[in-house]
Amino acid sequence: MIHRDQLLKIIEEITMVIGTNKQFLTDLDQAIGDGDHGINLDRGFRAIKDKVEAVKDRDCGTILKTVAMGLISTVGGASGPLYGTAFMKAGQVVANKMEISPEDAVKIMDEAIQGIMARGKAAQGDKTMLDALIPAHEALKASVESGEALISAIAKAVEAAEGGVAFTKTIAAKKGRANYLGDRSIGHQDPGATSSYLMLKAISDVLVREA
Amino acid sequence: MKKLINNPEFVVEEMLEGVVKAHPKYVKKLDGFNVLVRANSPIQGKVALVSGGGSGHEPSHGGFVGKGMLDGAVAGAVFTSPTPDQVFEAVKAVNGGAGVLLVVKNYTGDIMNFEMAAEMAAMEDIQVASVVVNDDVAVENSTWTTGRRGIAGTVFVHKIAGAAAEKGKNLDEVKAVAEKVIENVRSMGMSLTPCTVPAAGKPSFELAENEMEMGLGIHGEPGTFKDVIKPADEIAEHLVEKILADIDYSGSEVAVMINGLGGTPLMELYIMNRKVSNLLEEKGIKVYKTLVGNYMTSLEMAGGSVSILKLDDELKELLDATADTPAFVQI
Amino acid sequence: MKKLINNPEFVVEEMLEGVVKAHPKYVKKLDGFNVLVRANSPIQGKVALVSGGGSGHEPSHGGFVGKGMLDGAVAGAVFTSPTPDQVFEAVKAVNGGAGVLLVVKNYTGDIMNFEMAAEMAAMEDIQVASVVVNDDVAVENSTWTTGRRGIAGTVFVHKIAGAAAEKGKNLDEVKAVAEKVIENVRSMGMSLTPCTVPAAGKPSFELAENEMEMGLGIHGEPGTFKDVIKPADEIAEHLVEKILADIDYSGSEVAVMINGLGGTPLMELYIMNRKVSNLLEEKGIKVYKTLVGNYMTSLEMAGGSVSILKLDDELKELLDATADTPAFVQI
Amino acid sequence: MIHRDQLLKIIEEITMVIGTNKQFLTDLDQAIGDGDHGINLDRGFRAIKDKVEAVKDRDCGTILKTVAMGLISTVGGASGPLYGTAFMKAGQVVANKMEISPEDAVKIMDEAIQGIMARGKAAQGDKTMLDALIPAHEALKASVESGEALISAIAKAVEAAEGGVAFTKTIAAKKGRANYLGDRSIGHQDPGATSSYLMLKAISDVLVREA
């Protein structure tokens, strides 16, 4: 179970991790995109701080939707609507709930991925954030269904996401700006897959720390 | 990073303030939003055009807000698509009851953010239509990929669809003419130097003293391939060939745009135009009108793009129509 | 040297060909001379304006040939005053019987070459008058020295004296109004990077990554002093202060030009304008009109200049008059 | 006496020397001017070749006037009208003559200097070509008046010009583009003074070689 207060810590942790990796994500995006991914996400997560603070006593759904709206109205670019949609879908899954069950977590990732795919029209193997999120979701789902504790299920998801990030190095992009480079994008890891991995890692880190 | 700026975080806001101070007769800024609209918006009964995208492409798009072109321009962070709420505000501010056409360049971010804004507008019963410009032949078109980018050819869409709206055409008609421009315009660009996003603080890519990037877009991303710098005539030849290979312009009349990316002097753009013009003449393609200058830039990047638009009588008439905006005036 | 050129020796000729190909409705080139004149030159009974100087300042001066501004522009080699015979040809080609005004920027070379052309014209009984623009406050004015340079403020002379000529004023009157502009316009510039004359092949001076040149002209020469790069607002403050120290603008209405030197994006020029505009407002000086863009450049140099012109009713009316040229159109 | 054929050789020699020093003169002009002095003069002297060839059988005056007209219509900048005027005045001194006497040489330099001063409104000490030419003229005049042979009189003029060039390093410019630099021009030698010195040196070299 992830309690509302843990969710708030997770959001803080993500904000911090994105801040620390702002330059790294931007550098990745300079190599095959337009060099703003870290700047975009950092601007977005810094902007949600006060908004989340204002709803910190509400349910998980409200908090996640607040994050969603905040990202949508400050990030821009491709990642803004995509992460915005993902958090929006996540919020719908846990509307009115004060805690997130392992099953909820699986559902959240499922819905988030569906949302991203509907909005961005990309598929696995297009060298996007989906290449981190889909394997992570599969790992999470398998672990939860086999009765593993959430903390270790999420650790597996993080591992799978990391593998997904590594995989993006081996392929050419079919979606996003990196697509314009054709085969020149091979050899570079996808910035969005990397930020997705970092967010999952942040979740895992908070759960471990709080355990 | 050598720039005439203050804080990298506020470049867009400060720029927009500077634009409004310079051109109060043309544009006003929406309070709290990075949106410029015509000083006399909304214009009742006229279809309104809204475009936008990341900043750093000036004079695109704010410079083209005015009579005969755009009604509103939304400015995202540098090279970053604006958020849906900003686009939505622009739509609300310019809507004069006849509907709003969104002119979107084909980038995943732009597409999604403008799409979300259109969804918001639809919920408030504002009639909205969209067109997506994808003129860049450097990128192969395919349904499996993102497809061709939208670059400088977009300015022709602003000009021609803007003229149609000004003439009183309805939303469907304005959209149809915008689509006709999009079908008939192709572009390709190249650069001699990278550019530096203020917030990033360092150049977007590296080029040796004798290298250039061919087939690149307007967001500082690298192109489709690196090459040793060639004489202007050879570069022009390559760009024109790629464009002509994409649609058949033979026997037709065209408009040409030699667009500078921001750091290249007009002298060089005119040297490019000399060759482009000669090449088209050789191929029996008649140049009806030529634009040379910085229309859709990439910060201080040195380089340029060539756009060619195939014209018919309708497009010629609309292209020739009066326009009065900060960056494009035509009598 | 990274440039979109072919042979450095032919940049001026090839550029002029490109200009004529782009703007045949506006300009034609005199065969065998690097001179652009209006397509319909000579205009009988109208005072004609001829300006020019070295090339590399595009769109100055050829871009301002057209209705309401210049009749002819003479293009020297890059940064080198044109020779007297070229100027003389321009004078002959545009003379419509009402005389010709030479608009000369205050450089020893320009002065002497235009002077010799005027002597040639006088020998053929063409009525010629000259004005010398010296708007650059970076250089101290003194009868013992060359005196202030002519820089971007010259464009105001073209616009306003051109409008007077178009209205049918005679040579004395046109000259008088040009002189009024010259008396009332001051400018100052700065740069972040040097530029490279194509034939020289290397930058005109060196600047460290954190340095800028203050008070420099438009020929790639170093400025009056080097400084560490400051925020745009401080730079704007320095330029405006130097200008305001030179003549008293208080309580008056002014036109402002934020001129880019060729390599600086519009975004930065607008950020400069924001501050310039605020400073003038604070001092109770009313900005009547603002121009922002590349009007008088120095090849691909990054940087800009600020020009301020004190207006009266006559100047306002002429500044507002219609103009139709390749680089400046006003409805 | 400088015979017409020697004059032709002198013009060729000057053309060659300017060509060899094109970059050097341009570099000097980059330091305190606009970096075109060598380019300008080289363009000019290359352009007069055919024109001089066409009048090579005529008198010294015609030849010098041809040089003058050629420079005026191709050099541009400040140095074009100034050197053009100088050669024009020189041509007037030896109109219809087939050779140039030592007295003519003194007169030529005198007239050329007057012409330059009338056209450019500069004086000695303004850091211009005059700072090489005026001392050279004085030395030439003194030597010729004291009966020295032309070849050694000109050698003295060259020496004086060299001193003049060195002197330009010590002063700030009052005329020409270098004036805009204020005191920053101190320490740099004047490009025009340098080209004047190089031309005088070329004359001397031809006379010595032909002696």
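Lettered A, B, C and D in written order, each chain numbered from 1.
As a working rule, a contact is a pair of C-beta atoms (placed from the backbone, for glycine too) under 8 Å apart; a residue touches a chain by one contact, two chains touch by 3 or more.
From a predicted model like this one, the values you see are computed outputs, not experimental measurements.
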Next item on the list: Tell me which chains count as touching both chain B and chain C.
Entry: none
Next item on the list: Could you put a whole-Å number on the gap between the CA centroids of chain A and chain D?
Entry: 76
Next item on the list: Would you mind pulling out the distance in Å between where the CA atoms of chain B average out and where those of chain D do?
Entry: 55
Note to self: Measuring centre to centre with CA averages, how many angstrom lie between chain A and chain B?
What the structure shows: 32
Margin query: Show me, using the given definition of touch, all chain pairs that touch one another.
Written below: A-B, B-C, C-D
Notebook entry, point to check: Mind pulling up the chain C residues that touch chain D in the complex?
Noted result: 54, 76-86, 107-109, 112-113, 116, 138-140, 144-146, 149, 197, 199-200, 202, 204-205, 216-217, 219-222, 224-225
Notebook entry, point to check: If you look only at chain C, which of its residues touch chain B in the complex?
Noted result: 2-7, 11, 14-19, 21-23, 55-56, 58-59, 63, 192-193, 209, 212, 229, 231-233, 235, 258, 262-274, 277-278, 287, 290-294, 297, 299-300, 302-304, 322, 324, 326-327, 329-331
Note to self: For a test of understanding, state which residues of chain D touch chain C in their complex under the given definition.
What the structure shows: 26, 30, 32-36, 39-40, 43, 72-82, 119-120, 174-177, 179-182, 184
